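Note that the chains are named A, B, C and D in the order they appear, and that numbering of residues resets to 1 at the start of each chain.
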Amino acid sequence: MAIRSSEQYRAGLHDGRRVFHRGQQVKDVVEDPELRPAVDHSALCYDLADTHPELAIDVEGGEKFSAFYRIPRSPEDLTHRGRLIEASATAGAGTIVLKEVGSDALFALLRATEGEGAERARAYFDRVRRDDVALAVAQTDVKGDRALPPHRQADPDLYLRVVDEDAETITVRGAKVHTSFAPNADEIVVLPTRAMGPDDRDYALSFAIPVDTPGLTLYVSPYLAGERKNPFDFPVSSQHKMLESLTVFDDVRVPKDQVFLDRVPELAGPLAIAFVDYHRFTAVNYKLPLLDTLIGAAHLVAELNGISRAGHVKDKLTSLIAYAETVRGLGQLAALRSQPGAHGVQQPDPLAVNMAKYTFAHGFHDAVAKVMDLSGGLLVTGPGGEDWDNPEIRPVLEKYFAAAGPAEERLRVLNLIADLTARDFGGYQAVLATHAEGSLEAEKMQIARSYDPSAAIAYARRLARLDG
Amino acid sequence: MAIRSSEQYRAGLHDGRRVFHRGQQVKDVVEDPELRPAVDHSALCYDLADTHPELAIDVEGGEKFSAFYRIPRSPEDLTHRGRLIEASATAGAGTIVLKEVGSDALFALLRATEGEGAERARAYFDRVRRDDVALAVAQTDVKGDRALPPHRQADPDLYLRVVDEDAETITVRGAKVHTSFAPNADEIVVLPTRAMGPDDRDYALSFAIPVDTPGLTLYVSPYLAGERKNPFDFPVSSQHKMLESLTVFDDVRVPKDQVFLDRVPELAGPLAIAFVDYHRFTAVNYKLPLLDTLIGAAHLVAELNGISRAGHVKDKLTSLIAYAETVRGLGQLAALRSQPGAHGVQQPDPLAVNMAKYTFAHGFHDAVAKVMDLSGGLLVTGPGGEDWDNPEIRPVLEKYFAAAGPAEERLRVLNLIADLTARDFGGYQAVLATHAEGSLEAEKMQIARSYDPSAAIAYARRLARLDG
Amino acid sequence: MAIRSSEQYRAGLHDGRRVFHRGQQVKDVVEDPELRPAVDHSALCYDLADTHPELAIDVEGGEKFSAFYRIPRSPEDLTHRGRLIEASATAGAGTIVLKEVGSDALFALLRATEGEGAERARAYFDRVRRDDVALAVAQTDVKGDRALPPHRQADPDLYLRVVDEDAETITVRGAKVHTSFAPNADEIVVLPTRAMGPDDRDYALSFAIPVDTPGLTLYVSPYLAGERKNPFDFPVSSQHKMLESLTVFDDVRVPKDQVFLDRVPELAGPLAIAFVDYHRFTAVNYKLPLLDTLIGAAHLVAELNGISRAGHVKDKLTSLIAYAETVRGLGQLAALRSQPGAHGVQQPDPLAVNMAKYTFAHGFHDAVAKVMDLSGGLLVTGPGGEDWDNPEIRPVLEKYFAAAGPAEERLRVLNLIADLTARDFGGYQAVLATHAEGSLEAEKMQIARSYDPSAAIAYARRLARLDG
Amino acid sequence: MAIRSSEQYRAGLHDGRRVFHRGQQVKDVVEDPELRPAVDHSALCYDLADTHPELAIDVEGGEKFSAFYRIPRSPEDLTHRGRLIEASATAGAGTIVLKEVGSDALFALLRATEGEGAERARAYFDRVRRDDVALAVAQTDVKGDRALPPHRQADPDLYLRVVDEDAETITVRGAKVHTSFAPNADEIVVLPTRAMGPDDRDYALSFAIPVDTPGLTLYVSPYLAGERKNPFDFPVSSQHKMLESLTVFDDVRVPKDQVFLDRVPELAGPLAIAFVDYHRFTAVNYKLPLLDTLIGAAHLVAELNGISRAGHVKDKLTSLIAYAETVRGLGQLAALRSQPGAHGVQQPDPLAVNMAKYTFAHGFHDAVAKVMDLSGGLLVTGPGGEDWDNPEIRPVLEKYFAAAGPAEERLRVLNLIADLTARDFGGYQAVLATHAEGSLEAEKMQIARSYDPSAAIAYARRLARLDG
């Protein structure tokens, strides 16, 4: 099979999966009017094989494969992957599409598992690649009290754990949160969320299961639900959205040949971090179209408002450019400086990738504030699509919202900015900037860990005349 | 009459006013299900006479008056006004209620008009105070190309102007934007938006008219419209909202005895600035409950997440405190340092008030980012009220969202934070922070204008040994 | 005696004090050419009785006293003290003069000691005030390993402690650092540097001794030593400087009637903090002339360079104003919000005073960077006084350094800025901004401690619908 | 000759050059005790051929050349140049050494001159490379009023200009400032400082002359002059320094075959910018050892003070790492993304190089503030080398300055930090960070110019549904 079409992808989602949304069980995620935009958004990564075959298709042994599943072996492979991710996010209006996260998990499994687990991971990878499977990744446990390790939580289920075992299966219980794409993926890959000690043995788990596995229930967040149909008001979020779920494992039986990490606590941390490296590399590439949109919209709105020659406006535009291009530059560097990891799987430079992600996350709110500043209060006091569609009202709007350009251009650009910064979708993007693919604090910790200060210390000691 | 009840206020809104919302004419703003929450929010400032009589009621000559209409004559008066505004915003969950803006405009008119205009302003003030009238203020013109003055715009109507005149009236045409409260006020006070030159004579206008005056049409922004009923999801915005309109004057005839500035361009700037002084003083006081909420919610969510002892968490909490309390402190100082202005109307210290407002506006986005950081991704991936209300789902949520406190507390606090920072209402607050009551750039300009550098320059010259 | 002249002050410094500077014992601090500028700088606070009698002199019972020693009993007293400190720092070019710190210590002793200690403190205060004594304050111990309390240090002498006792005296050993003014004060007041536990009993000490007490040795820091005579090059630091010493107590015997805290560990913390409150209030007032100088010099250099109309220049000037005036405003507020403390000694509002100090310290480096930016590279590549004094070179400089004003004005202003920001004295000011009167981290801790979050938390809970 | 030794370099400086320092003519720059450290510092780039031959020597046609003079033809060449510059700055303790700036000017001349000027530039380059000549570069004119172009200044000499001409020579008059290395270079290359219009024709000049050319006088800035001998106090600045001069051309006759740009105003801007590209690339590479020193010293001082486990300390260390490594990364990217320019001379990516330089300059003051914060007040109140050298005092210092490490280590590290941040040398570095190789504002302008927003604008228009 190897490359599926978006129709094949959609067809694969009709199964017995147990999905709840807004307090109701969903009959069919593909047909549900509120979930469908998310399915369509994810389907873009299947369409990419048609629209960008040079980027999206690998040919090997005469067979075609999705380039998302190309195991990186060199800086060039990672550079290519960066471009592929950026292209898919360009189609996705700056929001991650689907295959990125699953392939990030696969590379981590290929690099950071050992022994039998590694063999199973390799077999799993081969099947996923061959069948062009859509994967979600469930990493973050619900975690309970952040100050306590898994085995010391009041309720032992607050991290996912093994509760039973037989010859063929392990049985797991617990819940993961922030599971992106789970309702519209074929299978879910489970990864550990943190380093673990010997007492956390039952929690040191990684495996994969189909979404319709008995005992698995997805509670989809209602965020971004509700009518959002008029593209005048919501030019981006009427077309693009992701689904996140609380993913509950209620004594789910997992076949052992799908288990990649089976109670090996010492590998939990390395596997978690290996995923994070790839996933932050994904993040800094898929965010680029979002940042480009901010730059482009800021230039447009400044021009349309008639303020583009003011000193402070130029200063804000330059600062947006410097911000976005620093993220892009550090992301490129993460590929160029990458090194081969275990099993020959290339590893993005962790210092560069974490600095890129940190720069993105740390600067996002200020960038948004600058774009709001250039836009003016109309972002939240302007007219809506229902006004625009009324032929008696539209001429009033055309007359009075004309500025240094026609009212329609100005209102559409303002609504683009509002959608991305000042409405539910904007809030979603702002929270993602802070927390998705690791929080700011997690990135700072990785920057410190990825940097070896010994050369700098030795140099400072020499200049201080302490040595030699 | 002097003090009206909130029922009397609501009753006064049933008239022939021409209001459009979401492309349709509104039959009755009090009964309309989407506009009603805004009416109820504004009505809080009438309720204040019951809940906080010591703050909200003035007694003079045996008669009671709304303390919002007390003309400030001393630092104590302004300090009292600050407390009154903060109390009304506390009732209003950090959003301005209603009477603040109208009284700001009245004080400006009393201080900055002259001659016959001043007499009319005084008479108007007396009537408003006596009848406890609810006023909206229309200041910001649609403005067209920001780089051009009123008389040089492509369309001469892009600033409100006089197009005709007879013995009794002037006729005006044009449009104002961002007119808060217009749909649910009794009357609208019009103020000029900027300094004007001799060629802008026809644009140098200030007057007041009832909202149902013929020729006046309000196009209410649909922002924050739509279902927002469940207080689990929207603890604040299900109860509190403001309305802003595009306010179109289609050859509206204004009786001359209601005209306070009639084509006197040299007074346009002083009147605009006089309003701004009072209105920014209002702003820094009504924002305090919003900032307190951020501090309180940040403490709560850190505690409930189990992270309150981490160094970076303490640092963020302290930074929120320092931010909010600097705004509060500078706001208090604006009253304490106030000086008598023309006609004995007290003027808040413009340097302190603009620094307070700038500090608020400049720091708001970063404060929001910090609160988001402490909250975690659940802000946008958590469950909703419809999930919570389902008796089969709620136990799952209670089990898995418990952390260092019960799930319900955590989810409710997270939803409060999301409502204020990551949803439409949060975007609305963020844009208001940047633009309402003057933009960041406007505040910087006023800081520079309010500061006399001559003493600092003389001292620097002396230390540089250039003089004496 | 009550008010001494600066000559009487200088005369009082001729005694047997043991002072080392640059590796040599100093014969006479008044005559030493490198220490003399510091003596002259401190003497300014005695001259203040002549130049600003209305501020500097109190009259009580027909006798005159230094107003520095007026015990604050009201907001007005603290406001007056703020003005007095600002005036003395204006004379001192933005550097603290002398009497501020001693009076800060006295107020702390009057407020935070108890029993016999309090009586001795009161008697000591009366004598100091009557004789207009110049006091230094030794608070900061050398501290050894910051992670350990006094009694657990490898060397027990790393905090000052009692090593012996007889009927009349206690004997103390240890060392204090950063002791400002010690070489040119009459007496030294010793305060504890931190909160202490029961095991630190021997370290919980406060007392006063004359500087020439046997066993006491001062090692003065050589910072700012060396030729610095030409006021063309060093317009400020050629005239103004402070001395800091390592103050070693080598088994010094202290008469018990001069001991205010004698091994009472539970009072060590309160006394340390009481001092800090007054001393930070002093700090935010004495820094104001320094900040005014930055503003004034920035305006001058922008004008002289011909760049004052550029947008980014105006923005930088405004930001300097907002910075300085926020410090000034919060400092005033600390007095206006002050409350009576124990024994009726007025206490500056700790939240406001710590926010003022934090705002100063946090913003100082950025303010300096902005002034450097406006100045240009000539700050460190320009000519010197020896060039200027050469009649063949001066015309060359006058020709080529003329800009939008004459070369002499420009060079003198640049040298003022260099002296304050880019030379040894500038580095001294930058380090003082970060560490003197408490570090940034100490101020953040006090902000958090001075703020009671319970009202904000209750309000957030109410809005989150958790209570009532 | 091709590669000279540092002795040959020093020997070459004995000539009739006219150099003034501290108001006196200098007899011999090599022997002058105050200038000698600068000569020794510059000589390090000749020593590099011995210490780092693999980096510093090129072999071509059997002959050795200084690798500083390798014309870049590829990303690899620029990457190599970056390493060479970093190595020389490592020897130079983070301060630029000498040959960097001259070679930057040569590459600019090779790329941006045309016709006869280009031929002369090529011949000049060949000679400089063959003879391993030490070049200074004089670019910045004294400029007078920044708001006026050259030909409109009150004094026509405020930009360097042609005042006469004959068959063999042009005669020039005017002055350049901030001319680094001029007193200790063999020759001076003159470049225009800005874009020029037709009326500025006489100012559009570039040429090279020996330093001892009649009519040329150098007035060396006294900054960093004075006794600075004790390496305990000044571990870096006792060994390393640069000289900057006011470089006056008093009717200097320049042979035409050394003139590369002779009154061609349209090439002035391109040549100025071409130099700036190379010179900012140089800057971001030579600053790296300075940034490494800050990181290393910060780690050391935190450790020695016993505070390295505190949360805020880790945060500050991480922030220093992220800052330095972002500069390094963007600098590397400037080489990796470089493109061939005119005449096949490779051009560093202007966007990356300006972002790297801006990141460095914008972040430097905050980085310094963080290092000061970790160090403590001892930076400016500690003992000096003369104390340390006194055998009676040293034991006192050893006892009382011991902390979580021995006193000597702590004091030496503190003095290293003080030298780099809080003393004259630190001020010099801070001003250089802001202004050398272009100011912050100049870098922001180049970032805006180097970025083509059209793709971002087109994407934003598409998402706003304005096109297609």
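A few comments on the model shown:
The rule we apply is simple: contacts are C-beta pairs under 8 Å (C-beta built on N, C-alpha and C of every residue); 3 or more make two chains touch, one makes a residue touch a chain.
If you're wondering where the values come from, they're calculated on a predicted model, not measured in any experiment.
Set against the Cα centre of chain C, the chain with the most distant centre is A.
More contacting C-beta pairs link the chains of A-D than the other of the two pairs A-D and A-C.
Interface note: chain B and chain D, two copies of one sequence, contact each other through mostly matching residue numbers (shared numbers exceed half of all numbers used). Centre-to-centre spacing of chain A and chain D amounts to 43 Å, using the average Cα coordinate of each chain.
Measuring from the averaged C-alpha position of chain A to that of chain C gives a distance of 52 Å.
The residues of chain D that reach two or more other chains are 312, 315, listed in rising order.
Across the complex, chain B meets chain A through its residues 20, 22-24, 140, 142-148, 154-155, 157-158, 175, 177-178, 217, 219, 221-223, 225-227, 233, 244-246, 248, 305-307, 309, 312, 365-366, 368-369, 372-373, 375-384, 386-387, 389-390, 393, 396-397, 399-404, 418, 421-424, 426-428, 430-432, 434-436, 439-441.
Interface of chain D with chain B (complex): residues 310-312, 315. Across the interface of their complex, chain A is touched by residues 90, 93, 231, 235-236, 289, 292-293, 295-297, 299-300, 314-315, 317-319, 321-322, 325-326, 329-330, 332-333, 336, 351-352, 355, 358-359, 409, 412-413, 415-416, 444-445, 447-448, 451, 453, 455-461, 463-466 of chain D.
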